[in-house]
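Data first, discussion second: the structure below is written as structure tokens.
Letters A, B, C and D mark the chains in the order given here, with residues in each chain numbered from 1 onward.
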């Protein structure tokens, strides 16, 4: 399945892009997604286990992904 | 309860009016503004950005939690994004309740949790021309 | 630090501006307003009176204590006296500090202690035409 | 010595006056003042030990009074 993952703030700067389309096996988890992200150019600047949101909710490494999910990598937040 | 990401100047008076009610005698407000100095560096402006839809969702979740923990409290929060100069308000939260303790408790919970959980970022622009993303996890680790 | 007894409508925006400073990124405000219902009775207005010189002295002492306990915080407080209608503000306190925790701590200390110590009284006027002096020590004892 | 004591709020209502001039012996204390106040018409409506402020500071029963002191009885406060 194809999953679009969004990048923000320092991660978007590091990767030089705001999103990427990744091809993952059916039943893939957030862990699989992060492995795929780590192959992108510039990904060495990202931490080993960045926070991930799936459908606007914080997810864990084991969270399963489904086609159409809204996925985003979340840099350390600094609002307020 | 209402939480919004906005791109205009925050109007604290409007937030106070929004939570006001004749039965609620205690209103508390928190306003965060851009500081001229952070971690010893002179700041000229901050560029705030957000994962807007999720930030509004997460801010709303925080306000709902604060209202659940403090029955009868009403909260409203706005976070501004874009370029903000020193002294401009980036966040404003208003809380109202019949009694002051609940209003103040809810207000503190809201600002603490929104700062921890809302996907909002800031890039500080310094007087020396440099700039950097702020990472509170690194500041805390020092 | 400034504490005043006033007879005009409170201007919360002016209090926020009074404590604002480019180095203080966190501002907190408390506003107490006349409630339409107190202890189950419908209130139409409250007449506040004070031992004015002592009230200003005691409010100033409270603010000085809050500033001493929270280094760097700046506080201002105003209490209105006279006849106030439902919804009108009787007290407003603003606190500002570099960080939010100190501003919120100082604000809570100030409102709690001013309510306990400032020689200010209120007579509630009820919808049924009766009126009575409010005695919080009797309410607490019930 | 002559001491002027001020009354406020419910105490002023109960006593029907806003102040009284009391004649106290030299070296009199707040306790002596309260005893003298208790002889005023309407004083039965006051509590046994009302709060007293001397020169705008809360005082205790043993506080000594001096001619010219600013003395006030303080009903239960209800500001805010």
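Observations, loosely collected:
By our rule, contacts are C-beta pairs under 8 Å (C-beta built on N, C-alpha and C of every residue); 3 or more make two chains touch, one makes a residue touch a chain.
Note that the structure is a prediction, hence the values are computed from the model and not measured.
The distance from the centre of subunit B to the centre of subunit D, with each centre set as the mean of the Cα atoms, comes to 49 Å. Centroids of subunit A and subunit B (each the mean of its C-alpha atoms) stand 26 Å apart.
With centres defined as mean CA coordinates, subunit D is found 73 Å away from subunit A. Shared interface positions of subunit A, i.e. residues touching 2 or more other chains, are given as 80. Across the assembly, subunit B contributes 32, 100, 111 as residues in contact with two or more other chains. If you sketch which chains touch which, the chains link end to end in a single open path, with no loop closing it. Pairs of chains that satisfy the touch definition comprise A-B, B-C, C-D.
Against subunit C, in their complex, subunit D makes its touches with residues 6, 8-10, 13, 53, 56, 58, 72, 74-80. Every residue of subunit C that touches subunit B in the complex is listed here, in rising order: 12-13, 16, 20, 22-37, 86-87, 98, 100, 103-104, 107-108, 111. Interface residues of subunit C facing subunit D in the complex, by the touch rule stated above, are 32, 48-51, 53-55, 57-58, 79, 90-91, 111, 114-123, 133-138.
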